[in-house]
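Below are two complexes that have subunit A in common, paired first with subunit B and then with subunit C.
On to the complex of A and B.
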């Protein structure tokens, strides 16, 4: 079975791992130690002490709170978005590109959608301002809840003890 | 010392990434194989390898080169240049508005060359870097429509600016490929002339490649990729081959160096279309099998070539291989006609891993290559390879691996197989290793069977040729139970590709797309026009073929021209290549013969009842092949002797794991066996370059041509 070094996983997260290794990782069965390594790499990127359980975006993780053991969503800067079963976007700052002028700022004219059909909603962290996600729905569509992981089953899969408050 | 009654006549060279093999053949068919480490100076590696080979006969290069008549080169340098994107910086001129199509690439290029699972697995799909950077690409206003009519005349002042800018930016060659240029080349040739003029004004010596001069065929991506390769990959090879040719001449050579090409012929190293030699090694084997078949009377041959990294298969039916027109190589779609082959990424050096979830053995797709496996500590590998399993099971001799140039550590391999394969599966090391070999054999066998049956044939009608370094090791395993008429292993299996290259004709092939459709409603006049269209395409190709031969000093009288065409029933998707029954078409009276030849071929390839003349007939392409006589290696022929191997060939016994039990296998030295000798398994026949395994239930006999015939005895 193939195993990988922490550096390789680190490069993978940073997007600098060479394509041949990425391809091999994608094609080969997942190695048993990957989850632990991956979490270590994510943990190294943040300053808070809460234990990272799963990533929900490049700057956003589901963590087990170091103070009360609650499972919450946190930005890399430490901003708390609350319970992981709630949509974190509801607690984020939002900027909606819903006019041609606003679209012109990101794409050349006529190469962006007609805003009566589609808008961009940009969500950013209220504390650090990092853009955390963008969605591109029709203008009337409700805020999307991207996904809600079944953490209980997940910890059964990786054969590790689940946090108490799941 | 020169032996004039039995001179060395033929040299085949196979310059691989790690080893450069040379294959010298004497007039009587006797041959020697030489090996040398490949070198950045290819000429040097060839000379070193030649020395190594000729030492077997106690002869020197300076004596042998002057008496030789033929030399054919095949190598992987050009392919590696493309794969590693280390080619010549090339500029590209296209129709304005189409500047991005090269870097966008054809969708299938994002998964070409992948294992089947990865083709299905969308997130592994990926586009390689384009050969030409967008900054080195320019558009020129012009347009020719799908009928070849000029819709927008070419703006040559734009071509001039484009050429000036590209040359100033530092490109070393320029390729030109315009939309629909295969129907009407006038815009491309006009641009080409302007570019050449600009280069001359600037005082730079810059090769210019217009697609219409090289590959005037439909499909822009294929045509453009191929034209770019002519500059990007083939131009540097031209220089290297020139050096090699000069070095050989300095040693007294008088022969013309030729290169194996994808269409199955060889071309001169000065050929205009040198990109045709992009892939040549595996093709050499097919050509060699065809030649051997012609000499010995085998019409239907299943060719199987197993090396360290891949298993290549091809079919020869009624003495012919088929040609695949839109081939792909190095993950690029190309318009090079290529000998049709099926390849899978499993070989004698593939890595072996266990899927921790399903606890199943997974072979490849990557392989150990020159690093062999865990049995060679200096190789630095810690993942088990198929070779490790062979060593553990007594298939290969650890003390004579590759002629004994590597020191192998068998206990280390044993421990690695135990830790990585046997223990997780709860098996003994022997059974785990045997399981790996069985799995590989099974997978090869299934692919081989599928290749034959999917084309509507049965293995019963075929003789299987097994070659490549790993062919003799696995021949029994991947042919077992398939029911081939015979399985044949040449004693020179490891050098078979180089041998095959040496047997190839000196042949150029040019193609041109043609659009012709004739059905019940077509008038006599339509047929007349169609026939003349084909003839004029042949005339055009003839000029090119003769030009190529003229470069090598042959004039028209020495060249045999064989015209051909691709035809299909109208509305069907696949065409067939037909050798023309008429050498020249004078008009509509020749049409029935063209159609008849197609109908007959169709019935042979598919079935009588599948013929569909009511659909009408379409001609999709004109083909012209030109060849000249060359000297080819003779097949060895030795006097027969008795069935018992001579004393000198017997090397003793070795423990060999056979059908889940350890047995004592008889060991033989391959080169010392005599024609007529019969060997019953379990036996292992060793030579420096390969090992021939004959397990229990098999027997083999060596014939007068040094071919081993492997038979199942029950």
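On to the complex of A and C.
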């Protein structure tokens, strides 16, 4: 079984891991211990006490609240997006690029979408302004609820104790 | 009506091909029943052979796999077509007698399933009796209603006999340059129905006693434009399949018939377990939703199609819910897809379900042991009537890739959420570029021959950003893991098109903490041709890739073509030593190339990236812009060193580095950029505040968007897309209404849009053909 050190996982997250190690990660069977090390690395990077259970993005995690044990989505800045089963985007801020002029700020006119066909929806954290996701759908399209994890089964898969409130 | 008989006028009888005395159809149905009942391929609950004799088992696999790869490498040298010889657009696959894939070569492994579907079609439609299946036979298939992706993928299928009994099938496929469609080129788009989509061959017996039949050779060769390439492609396929046949027969002789027969079943259950194992090791159970779109802009005057009902703008729509189950199998449900259309971008279910493994082998199952076992661990649901499961036998498929690749890219993005969630950042891919433009055309080439072209420079687009590194520039395409743009010298031999430039395409990759790889661009000048036409094929008004987790989508496409350029001839700019367009179209909004053309030049520079044949004279120009990949993560998290490199390597235009990354820099006399990190950080802090100031709470925005829906305030193509999906899917309609809190009786009918809606009400499926039993391997 392949194994890696916490430092290697830390470097992977930081984008500084040497290529030989990255290549090994890509080509060898996956290391079962990655999840635990990854959670440690992510936990070290935040200031809140809630226990990180899964990463939703570089700044967004599913966490077990340190105060009441509820499972919520949380920005690294501490902003609480609420129950993990709900779509966190509904609690975000949004900026929609739905005119040519707004698209001009992103790409040359000829290299950006025609907004009568497609718009960009930029979801950011209301507290820290971090860009958390960008959708590129047609107008009218419902907000995508990207990911709904089955945490109970997941913790069975990784053979670790599950949080109480899942 | 049926013309099917169980006894052939030629003397063939059912049940003589297999050692067990069963007909091929009964044998296959038994496998299907045992698989469905047990959840294991053919009811195989224990890998008895593998566990009893692992060395023997692996020895057979190694021989087979090595033989397939070796045969591909040898056979492709026969081909003259750069699509095959340069880009490797060929594949050889070995099947058991039921038509299930045992192992495959490298290459365009989408055909694991497509050739298997053709074999199953022959089995299911009693080819055993008529025309008969004998040692030394060859069958040819490219029928899109029989599982093929698009007509230009020609498959040669050969049965493998040992000691008088059928023991396997081998298929070889090449992507040919032309199939004699209405438009020249292998993925043309002037036609809108099957009847203009080029030569289509339905599992036809084209050879006996290892010899191609003369009626087949004469008929097929005169029905395509590029005869020399066609002939050598067929020789490639025949040589490869016969090499593999010999290898399999030697293997059976060495290992024994019983060992081979057990292996040919057990290896598929092994493959099924392999996928389950990887799903459990890499993903997170639950549901992941994703969606993809692509533009079909047909109202533009440069799109000339034969039928007025096709002159509408539409959007193809592919929502998908991926359910990863507790038992580590998975289900992909495409409820809500839009209807098939009057264009060449339709796909059949096998093209979708087989092609998906091309993408999956690049992340989820990067193993040589890819076979039909993965399909048995996967539930696909492709609703009937959609673009990926048409319910009408008239549909055209020549450029099925236009949307297949976009929809698969969204699946890769979706799975990446799972990889990221549990820490496998090295596997994350924000999605791939929409691999286009497809430079195509035809006429009389520089050698005075009837010719057609389809440049496969597309095999080297930008890749999506990873969660720990940038995407690769001009590197790969989602449909062929062996990315290669091909040599200029070879393309100039194959096409009457000189290169005036070949550069990476600045600013084409999506921005992010990690940027998408840039695509590239080549400027071609028509030279030495006669009666020549060309056209464009790609996305322009829309981007079919999103970014991931804060990264931006890649840039969209645009078109540049120039006529009456004043470049050639005695009075031309070249003869006069004046400047000419060279290199790159750095910022297309600046129209730099136009400054180097004659005063009477006619330039088309716009977003109409799908056109049909236009006349190109010698000296005319054509831009082939290959797209970039999407980005990952908030651009403001990109390191300042990386931004500096972007500027100095020309990966991004300085104007957009400032707008997106907030970079502050100085530039020395030699043009070298140096980022001022302190000022950049200060500007980035301002930009976060600006984001907060200009954005609104999502629920507040939803009220304004809801009002637009109630007012039917959207473009015709957006409304057509939704109406088309609503018409096919009550669940999608209800989900839409629930999300936007619309009245219970709200609906949007296609009939209310005032556009032609041929095919929306009355259709005729291939299954309604006399004596035709289509192969159905997905839930519909």
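Quick note on the criterion: the second predicted complex is superposed on the first by the 166 of 166 C-alpha atoms of A that agree within 3 Å, B and C clash if a C-alpha of one lies under 4 Å from a C-alpha of the other, contacts with A are read in each partner's own complex, and residues count from 1 in each chain.
Everything below uses one rule, namely that contacts are C-beta pairs under 8 Å (C-beta built on N, C-alpha and C of every residue); 3 or more make two chains touch, one makes a residue touch a chain.
Just so it is clear, the structure is predicted and the values come from calculations on it, not from any experiment.
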Fit or clash between subunit C and subunit B when superposed on subunit A: clash
Touched partner set for A:45, first subunit B, second subunit C, both or neither: neither
Partner chain(s) touched by A:28 [first = subunit B, second = subunit C, both, neither]: first
More subunit A residues in contact - subunit B or subunit C: C
Touched partner set for A:137, first subunit B, second subunit C, both or neither: second
Contacts of A:77 with subunit B and subunit C, given as first, second, both or neither: neither
Partner chain(s) touched by A:129 [first = subunit B, second = subunit C, both, neither]: second
First (subunit B), second (subunit C), both or neither touched by A:109: second
Subunit B versus subunit C as contact partner of A:162, first or second or both or neither: neither
Among 423-431, 531-539 or 567-575 on subunit B, the segment whose C-alpha atoms clash with subunit C after superposition: 567-575
Shared contact residues on subunit A - subunit B and subunit C: 26-27, 29, 32
Complex contacts: residues of subunit A adjacent to subunit C: 9, 12-13, 15, 17, 22, 25-27, 29-30, 32, 34-35, 37-39, 54-60, 89-96, 105-114, 116-118, 120, 122-124, 126, 128-151, 153-154, 156-158
Contact set on subunit A toward subunit B in their complex: 1-2, 19, 23-24, 26-29, 31-32
Of all residues in subunit C, those that touch subunit A in their complex: 280-282, 284-291, 293, 295, 315, 324, 326, 328, 366, 414, 417-418, 420-427, 467-469, 507-508, 511, 513-514, 541-543, 545-553, 555-558, 587-589, 605-607, 633-637, 639, 653, 656, 659-660, 687-689, 691-692, 694-699, 701-702, 705, 708-709, 714-715, 717-718, 721-722, 735-736, 739-740
In the complex, subunit B residues that touch subunit A: 115, 117-118, 121, 123-124, 126, 353-358, 362, 365-366, 383, 420
